[in-house]
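Note that the chains are named A, B, C and D in the order they appear, and that numbering of residues resets to 1 at the start of each chain.
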Amino acid sequence: MKYKSQKVAKLYFIAAIGLFVGQILFGLIIGAQYIWGDFLFPEIPFNVARMVHTNLLIVWLLFGFMGAAYYLVPEEAETDLVMPWLANLMFWIFLTAGAATILGYLLVPYAQLAELTKNELLPTMGREFLEQPTITKIGIVIVALSFLANIGLTILKGRKTVINLVLLMGMTGLAVFFLFAFYNPVNVVLDKYYWWWVVHLWVEGVWELILGSILAFILIKTTGVDREVIEKWLYVIIAMVLITGIIGTGHHYYWIGTPAFWQWWGSIFSAMEPIPFFMMTVFAFNMVNKRRRNHPNKAAVLWALGTAVMAFLGAGVWGFLHTLSPVNYYTHGTQITAAHGHMAFYGAYVMIVLAMISYAMPMLRGREAANSTKSQVLEMWGFWLMTISIVFITLFLTGAGILQVYLQRFADNPMPFMVVQEKIQLFYALREIAGFIFLSGLLIYIVSFFVGSKEPEATIEGEVVPT
Amino acid sequence: MTTKKMFLRPCTWVYLFLLSLTFVTWFIGVNNLSGRAFAFTVLGFALIKGQLIGDYFMGLKQVAGPWRWVIFVWLLLIGSLITAAFWKTL
Amino acid sequence: MAQAFTKAMARNIFYGGTAFFFLLFLALTFQTHSALPELDNRNALTGPQGEMIAKGKQVWEENDCIGCHTLLGEGAYFAPELGNVYKRFGSTDAIKGFIASRPKDGVPGRRSMPQFNLSEEELTAIAEFLKYVSEIKTARNWPPNTQG
Amino acid sequence: MTGMEKNRWPPGDLVIWIFIMAELLVFGVFFTAYAFTRAHNVELFDTYQLTLDRNAALINTLALITSSYFVVRAVADIRADDSRGCFRWLLAALGMGLLFLVVKGLEYKHHFSLGIDLSTNTFYMFYLSLTFFHFLHVVLGMVILLAVALKARKGGYSAAEHTGVETGASYWHMVDLVWMILFPLVYVMR
């Protein structure tokens, strides 16, 4: 850790991991409700638990992104944060607002929450992933603006690296596109059209800039490869991301009442979306192979490579599976979508945040560069358990989805939704088991922070063999 | 100056050849000539034009190795796919 | 001769490509807006009927229906598609009857929709809203069949 | 880079070639989609193809080929260290590009005056999508050529270092190349 103000990242990372645990617990609850329909009914209905599951995911990833930014921006800019106090203040505001919102979901019926928060003044609630009360949304905008001011001014003051600029663009885009969350017309087609400007242009657009810049930062730090090379590829990859991803939004405009030309535009451009992910995988492995030194933090390198692979599989391959409009005609809004969502979010965004935490946390806790070998071994156990479980969760949901598509949409005598759900129970049960293994991986991951803290740091063994 | 001429002269010939192929294509077009013979002549012309642009204008003729073939492979691919799609309808 | 592969060029392509494709996206959005009046059933949204549908959308949102159901394929996958529920049930009365009759404590061992205690006006509003959605002209008449 | 010896890499910055490949991929998919969709709607496509103006397409093809040739001359000039010549040929190429835009613009004006848009029918969806996507590439290519031309006028390139000229030229030839396929495919083949 070179700059004192980087320290604020630690709070953000701790909160991120804490909320991550919450997300997984609620994931297990809704997973159980898929098997036992009356589980926790009517105390915690499915929609409430799901809302907690998805909202916690978004909030903890945002905590992770902000933490990552507070750690890497000063180091890249070679100057302290301009307003570390603001970063601290915003942390507590965001955490309080987030916790209050989640408690609101859990403690009062959603309709009552809408009434309490005066949703009728500016109705924005009740849309998928944007369930937060309007007042929370305004809070998010304020937090985002303060955050942008903080890192933006720091970047302006210091060295302007490509990584910092790309990160700043990503974060700015995140804030700008979130504003479409406030547009909620009665016209359902328009509502959905611009809803995707938040959701798609986030996860298949500006978030990928954030992902790319964090990945590039970790690769520079852990491989010692020339910054020039890494930054050049970063530009190429994010250019491909946006070239394919912006028009790729069209793969959400097939069946919501939008005109038919989107079938073609959406199919063609979104079919190209795996290309940048593939480039990212090749890039990450290339850089690690060309490394100038071995970094003692093996766990961080593992997370970084894992991100590249799993993002390609989850976002690239599983996305491509159902992105072409003739396929999507059958798969739209089924468990296939859920399968893709789980692996893509884990592979791209969960893993990059954990990679950054893995890289930065030892320094934030006063280490030179890495945790002890013992701690790292445990962390890598967590990596494998979580990653393998998410692969199985994805496979089981894909199985469920294929069967659902066949029985409900493709067969000669389509069956009703609820009948089909009973027939695919087995997959849901298997998914829940994989979910518990995921939780065990997560717990081992957390334990790794408390194990071997007294032991000496891992050291580099052997010299780099140039390839 | 000789190297410049060596580069330009073939390009000029290619340019004139491209113009003449274009006129033939246009002639087939304005007279609404249809059927396999005309359609695939026109497609063949287009592929030849593409290859000439790649080889001479883009300078791929002077390249050895995989990049030499990017345009060729692309033309081959879309040429076959378009042929496959048009074949039965003509 | 060493091949040029410069960061400056990569940067230019990033900025140029992004601007290019974003403008193209805006152009397609403009096209979409001019095509929507034929498709999105906006005529239903005028007059007192329109107010009822607006109220219905509010009921839909303030009870987080999307947290279990899909609407034109978007939402959660825990409960049936509702973009075509009007066609599946055949009438707004059937929809109202279904929502009003959900048991307060659920059905043992099975998924059940919560009892939302909606007023008669709210029930009418949400049923009208669902009717309006079912009359949006989706491409290829999605969903593929009445089961959704 | 004046001799006739073989190179390992194509002219210009390698990044542009990565994007040329990406662009060709997109256009290739679009062309294939056109061809196979036509195979399912032969009558519709053949009927509406007749409403297109082949004379305008001829002028546009000639304009792009000529423009490409002018760019070749610009590259030849800069390789001979002639910045002024390079600048002039690039201006001429830009003029041809402008001619393309005007002619294509008049075609669009005609279609729009008849109320034709992407939702009219499948043929027009493809015709407008393909040509408009290409149209925007012409605009983008012209912006690139203009930037290169202005730098050339200021003497920013030389026989020793003119990667920028070759980069812009490669992109422009790609725009030309795509039209070589688009013209027969959409306007002529039936």
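The rule is simple: a residue touches a chain if its C-beta (ideal position, glycine included) is under 8 Å from a C-beta of that chain, and two chains touch if they have at least 3 such contacts.
Bear in mind the structure is a predicted one, so any value in this text is a computation, not a measurement.
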Contact pairs, highest-scoring chain pair: A-C
Gap in Å, rounded to a whole number, between the CA centres of chain C and chain A: 24
Cα-centroid distance, chain B relative to chain D, in whole angstrom: 14
Centre-to-centre distance between chain D and chain A (centres being mean Cα positions), rounded to whole Å: 39
Residue list for chain D, restricted to those that touch at least two other chains: 7-9, 15, 19, 118-119
Where chain C touches two or more other chains, by residue: 5-6, 10, 13, 17, 20, 24, 31, 35
Chain A, residues touching no fewer than two other chains: 232, 236, 239, 243, 259-261, 265
Topology of the chain contact graph, where touching chains are joined (line, ring, star, complete, other): other
Pairs of chains, among all present, that meet the touch criterion: A-C, A-D, B-D, C-D
Footprint of chain B on chain D - complex, ascending: 2-11, 17, 20-21, 24, 28, 31-32, 35-36, 38-39, 42, 46, 50, 54-55, 57-58, 61-62, 65-66, 68-69, 71-73, 76-77, 79-80, 166, 169-170, 173-174, 176-177, 180-181, 183-185, 187-190
List of chain B residues in touch with chain D within their complex: 1, 3-4, 6-8, 11-12, 15, 18-19, 22-23, 25-26, 28-30, 32, 34, 39, 42-43, 45-47, 49-50, 53-54, 56-60, 62-65, 67, 70-71, 74, 77-78, 81-82, 84-86, 88-90
Residues of chain D touching chain A in the complex: 15, 18-19, 22, 25-26, 29-30, 33, 118-119, 125-126, 129
Residues of chain A defined as touching chain C within the complex: 30, 33-34, 36-38, 41-42, 45-48, 50-51, 110-111, 114-115, 119-120, 123, 125-128, 131, 162, 184, 186-190, 192-193, 228, 231-233, 235-236, 238-239, 242-243, 246-247, 249-250, 253-263, 265, 329-330, 332-335, 337-338, 408-410, 414-418, 421
Touching residues (chain side chain C, partner chain A) in the complex: 5-7, 10-11, 13-14, 17-18, 20-22, 24-25, 28-29, 31-32, 35-36, 39-42, 45, 50, 53-54, 57-58, 60-68, 70-81, 104-112, 114-116, 132-133, 136-140, 142-148
